[in-house]
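Pasting the structures in now, so scroll down.
The two complexes that follow have subunit A in common; it is paired with subunit B in the first and with subunit C in the second.
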Partner chain A sequence: MKKQAMYFKMVTSSLIRRRSRMLVALLAVAIGATILSGLITIYYDIPRQMGKEFRSYGANLIFVPSGDQSTLSASTIKKATGFFPSNNIVGIAPYRYETVKLNEQPFMAAGTDLKEVKKVSPYWYITGQWPANNGAVLIGKEVADLIHLSPGDTFTATGTNGAGEKFSHDFTVSGLVQTGGAEEAFIFMSLPDLEGIMGDSDQVDVVECSIAASEAALGGMVKQIGENVPEITPRLVKRVTQSEQTVLGKLQALVYLVTVIVLLLTMICVSTTMMAVVTERRKEIGLKKALGAANKSIIMEFLGEGLFLGGSGGVLGVILGFLFAQVVSQNVFSRSISFQPLLIPITLVVSICITGLACLIPVRRATDIEPAIVLRGE
Partner chain B sequence: MFWRMVKGALFRQKGKMLMIAFTIALGASLATAMLNVMLDVGDKVNQELKTYGANINVVPKEASLLGDLYGVEEGSGVSDKYLKESELGNIKTIFWAFNIVDFAPYLETRVSLNSQSDSIELVGTWFKHHLSLPTGESLDTGMKNMKSWWEVSGDWLSDEDESQVMIGSLVAGRNNIKIGDTIAIHSKNQTKKLVVKGIFNSGSDEDNQIYVPLKVAQELIGRQGLVSRVEVSALTTPDNELSRKAAQNPKSLSIKEWETWYCTAYVSSISYQIEEVMTDSVAKPIRQVAESEGAILEKTQLLMLLITILSLIGSALGISNLVTASVMERSSEIGLLKAVGAHDSLISLLILTEILITGIVGGIAGYFAGLGFAQIIGQSVFGSAIEIKPLVIPLVAVLVLLVTIAGSLPSIRLLLSLRPAEVLHGR
Partner chain C sequence: MNLLELKDISKIYGNVKALQNINLNVQQGEWLAIMGPSGSGKTTLMNIIGCMDRPSNGSVILDGQDISKEGQKGLTTVRRDKIGLIFQQFHLVNYLTALENIMVAQYYHSMPDEKEALQALERVGLKERAKHLPSQLSGGEQQRVCIARALINYPKLILADEPTGNLDEANEGIVLEIFKQLHSEGSTIVVVTHDPEVAEEAQRTVVLEHGRIARITDNNKEIRGCDL
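On to the complex of A and B.
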């Protein structure tokens, strides 16, 4: 009991008496631990965060009717979308295409859920406004150029509906769509509007889904839906999924390598600092030996100090590292980062091991030396 | 005398000075590597994002996409609805020619397959075409590089395979066609028998199409030297206020704005320059690709910037830590110097000179080691070398200087306040 108390006193007093020096060492350990925990948090969160950014490329999965069917019903779509993890759904936009006539020229009208379209295809460049109420539509740039419409104008769409009767309906242009793709030749209206003029409902031609998930996970969902909902054929949009996989993989590899290099360097920095701190105490070691301390007890004492430094530096590092990762995530992705509880023990163990090792090497060398020589200052 | 003392200190304390130099070298190498990678990461990721395919679509003026929907184009055959194949090389001669990564022309027509009544879309294109430019340069370009996500069973076609085709997986599945089969293609004017060299799965509408070399398609429909559209893949700068204004109407810009816009690699200015070199063409940015690229590039650069700042702060603190620790050790030497009558200013100068010499040596070694680290990162992540930016040299130099001086100043102040007698006594 007494021996333990003495040991404890020696460790604490050496830490307190050499306050400034120990603060320097503590700072070094804390910086190392901060970098470790901060970078690893970022590394693990990159696929999740960047994956969300990649959703600006639009749909990565589409539903088309399988076999002889030509349309999908709302209930089958609902059944199929149930297989997506609800946290990962960015948007699901159903489309129904019908031909309508403007000024006796045929155009394609697409009925859809415009709120979802905004989420699935954030790259649409709208001149004017997104439609807010019934009867307001978006028209493609090409359609607008062809029949000279601009936002605010009204036009009359005519045609024949599902029952074979002629219809004529007025719409207001709320905005022009520019995408550089086929969308520019379409007229987009809300699904109820299109169903209203066509006189029937519950018929969707294709469903665009934007799901935040890796290619492998999406493949799994496709398989599940294919097996459980026979009315639907889900298809991956390869161009988007595969490219996302490549780019994300490279990014993660980049952060991984950077993390490893930064870690190696900070480890070396921490150990050089610790070595410098221990080396200057050779005199003290010599004195203790001269007073009859065993090598083992000297090593134990330094180890105790190292453990304390490593532990407190590690705790500081975990907190600072998480704060750093949070700042990065807020600034880069404007979202908060998820905390990895496993990082606490990892950071602590690594920082304690490194400081312990960094202390041991110079202490060992010091204990090998004759006390008289050290004390004389040679 | 001063230099002799400096030299003496440097050589006598070889081990300690080496350790400081080593730490500074580590910090400097980290800074060099991170800065180089950060400055180059934009270009590298941009290159990777090219796997998303083309970001500019060049079509003839007056041609409308409505043709695709209703097939009304069939039979109209007016030659001004095509682009000239001979002008394609011009795309590589525009102001931002260096930023054009790849381009591929397409000539589309509808044909019937094996005398079926339903028509099917046939596309003629360059797969990997060797092109000599009027400037004397030459390049290989075509669809193969731009459709990296295609899964091809069998082989990609080459431009010389005039008796072979590649067909989409849906076409192959419907008609039960396998690699090596011979298929007959009927256009209005003629029939061709072609061997299937590859079947591809692209995960989009292209799976319903048949691909042949451009020349074969031109012969089939009698449109020699013409193409119906060109896809261009270009490295671009993310859009900003100016480019949006320009995209709506380039004529609304002032002369100065116009120059800035024209000389920046915005997708709109590259499109504009392509329109200048291709007769009667309209170059449209594909927003899906252009817009998203900008967003992802910005995020990546910001991410790397913050990681770089963290590692720079880390290495700066690490270095100054060690410098502080090692200067403090020399209390008895300073005490002796003071005891024999040295001025404070002389002592500070002496220590600073020593540390700076060590710092410079370490910094230079670290810079080159850092270049090595940067190349390791570049090669293993992107498979290409990281460009060495001269801008990094002054940045690292300033960093090393600031950090070593900042690290030694507090300890020097502490040493100067010591009383010689106490220090020498060993307290």
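On to the complex of A and C.
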């Protein structure tokens, strides 16, 4: 038998044949690794989770025409939205605003993609239904109160189109919009409907974009669009992006702090367990020294056991930590968490290092013991 | 030819003089017993001979090498290469089988050799128990494994501390038979014991009292009175 084979035999025999003791140590390492990997998973997933939460509060980026241009064309918008990672796009809603008259009172009509509006502004409270057919519109609560309209009512919109010709179109109120904001003074219809009554197309005044990304990432996209699509001036909705960044930063700092504290507690817990394991084996260390083992050999043996325990505990920690993070995420964010592959090496390395260190300190102290004293049990 | 020479050995712990001016030679192939009441310095002397402690004064020459000035590393090397230790409490590694316990000594000495370790077990009559853990062996069997482990690296000196202290009469007989066999093959044995029957088996018995050699007997014949 080669020396390496004997070394492996000694390490594995110690772990397998002393399994009750080693299970306690393994449990300590696994619990520490579980909490560590779980918290790191949550730490890295918070921006994604919270980003989705923040997307409920409306657009975080808008496109407006640049310079002398007064409108945006569909092709320009398509070119600009090409700079968004497709997975991060929550919704992109173009708006065209025109003045129409209801009972000779002027109101602002907004033509848009109502399906996208639903994604970009999920906070809109609708009484009635979202429009499903042509000629169906949403009207703001303020408009409804002024002209006494309810869902299911019809009204006639009049005005002058782009060519200077008068128009008159009937619409059905599908639902009322309540937001507590400026939207309550608008009439929302599909873009083709508005283009139909105005007699022209491909003229959008503003595009509201809801993109799941950090403020920095959004800043990068804004820069790219600004440089590559001169017809568009992209603007961050600062009140959304900055408050998002502030809350995210504080939340991440909190989880980071908790992770560090848990890591320290884990180190203490694992160290204490390993110290107890090593201390009860002082006689064995003394015996091995009496048989002629060099301190280095004894340290290597215990380190081998520690690394094995750290590795096994780390593997368990990766699996259980992900489950732990999943449970936390389901309960707190009501969403499933994404697995971070980088977490495998991080958890393994941290577990192995902590266990190795926890073993090394008591073993080094134990190797200073005189075999004669230990073997006499004094 | 002397294998071991103790020259004017003293060991002092604070104000306690555990050993005082011990002079003793052990010849190659000799079987020596060390006796004495508790606190007489037997264990201290055994630890010094076994390279697990150093004398405060005097010198210890083992196989021509002065080990009294060696550091921990040097003493570890001497223990590994020249001494086979047998303990009263057996001190086997509890998670290794009888065979693996012997191979541990080979592992620290040079290279583990399963065949040779099995032969050592066969020599003490435990070949069939090779795969058993210490907890599955009787006290006598554990002591025999301990003896096999002590012999595996062909030590110059076999040093046994109360080798029959924890054994019943039958197992004491078996262990003494093994010692006789080893002695007849030319091994040098130093046994520390309380038991006069064990001591009688040795060629010479050194009796310690209050850290000094009180007397040395040779085959039941007192050869030298000592009032040191």
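The working rule: the second predicted complex is superposed on the first by the 358 of 378 C-alpha atoms of A that agree within 3 Å, B and C clash if a C-alpha of one lies under 4 Å from a C-alpha of the other, contacts with A are read in each partner's own complex, and residues count from 1 in each chain.
Heads up, the rule we're going with is that a residue touches a chain if its C-beta (ideal position, glycine included) is under 8 Å from a C-beta of that chain, and two chains touch if they have at least 3 such contacts.
Keep in mind it's a predicted model, so treat the numbers as computed, not measured.
S.K.: Contacts for A:42 in the overlay, against subunit B (first) and subunit C (second): which applies, first, second, both or neither?
M.R.: first
S.K.: Could you look at A:54 and tell me whether it touches subunit B, subunit C, both or neither (first, second, both, neither)?
M.R.: So A:54 only meets subunit B here.
S.K.: Compare subunit B and subunit C by how many residues of subunit A each one touches, and report the one with more.
M.R.: When the residues of subunit A touched by each partner are counted, B comes out ahead.
S.K.: Considering only the touch criterion stated at the top, classify A:297 as touching first (subunit B), second (subunit C), both, or neither.
M.R.: After superposition on chain A, A:297 lies in contact with subunit C alone.
S.K.: Does the superposition put A:13 against subunit B (first), subunit C (second), both, or neither?
M.R.: After superposing on A, A:13 lies in contact with subunit C but is clear of subunit B.
S.K.: Figure out whether A:217 sits in contact with subunit B (first) or subunit C (second), or with both, or with neither.
M.R.: Touch partners of A:217: none, neither subunit B nor subunit C.
S.K.: Looking at A:289 after the superposition, I want to know if it touches subunit B, subunit C, both of them or none. Which is it: first, second, both, neither?
M.R.: In the superposed model, A:289 contacts subunit C only, not subunit B.
S.K.: What part of subunit A is shared between its subunit B contacts and its subunit C contacts?
M.R.: On subunit A, the subunit B and subunit C contacts do not overlap at all.
S.K.: Touching residues of subunit A toward subunit B in the complex: what are they?
M.R.: 21, 24, 27-28, 31-32, 34-35, 38-39, 42, 46, 50, 53-54, 56-58, 106-108, 121-125, 127, 142, 146, 178-182, 184-185, 235-243, 246-247, 250-251, 253-255, 257-258, 261-262, 265-266, 268-270, 272-273, 275-277, 280, 324, 327-328, 331-333
S.K.: So in the complex, the part of subunit A that touches subunit C is made up of which residues?
M.R.: For this pair, the touching residues of subunit A are 1-3, 5-7, 9-10, 13-14, 16-18, 283-284, 287-294, 297, 370-372, 375-377.
S.K.: Residues of subunit C touching subunit A in their complex?
M.R.: For subunit C paired with subunit A, touching residues are 43, 47, 50, 52-53, 73, 76-77, 79-81, 85, 87, 89, 91, 93-96, 100, 103-105, 107-109, 111-114, 133, 149.
S.K.: Which residues, counting only subunit B, touch subunit A once they are in their complex?
M.R.: Contact set of subunit B toward subunit A: 19, 22-23, 26-27, 29-30, 33-34, 37, 41, 45, 48-49, 51-53, 56-57, 64-66, 68-70, 148-151, 201-204, 248, 284-292, 295-296, 299-300, 302-304, 306-307, 310-311, 313-315, 317-319, 321-322, 324-326, 328-329, 373, 376-377, 380-382.
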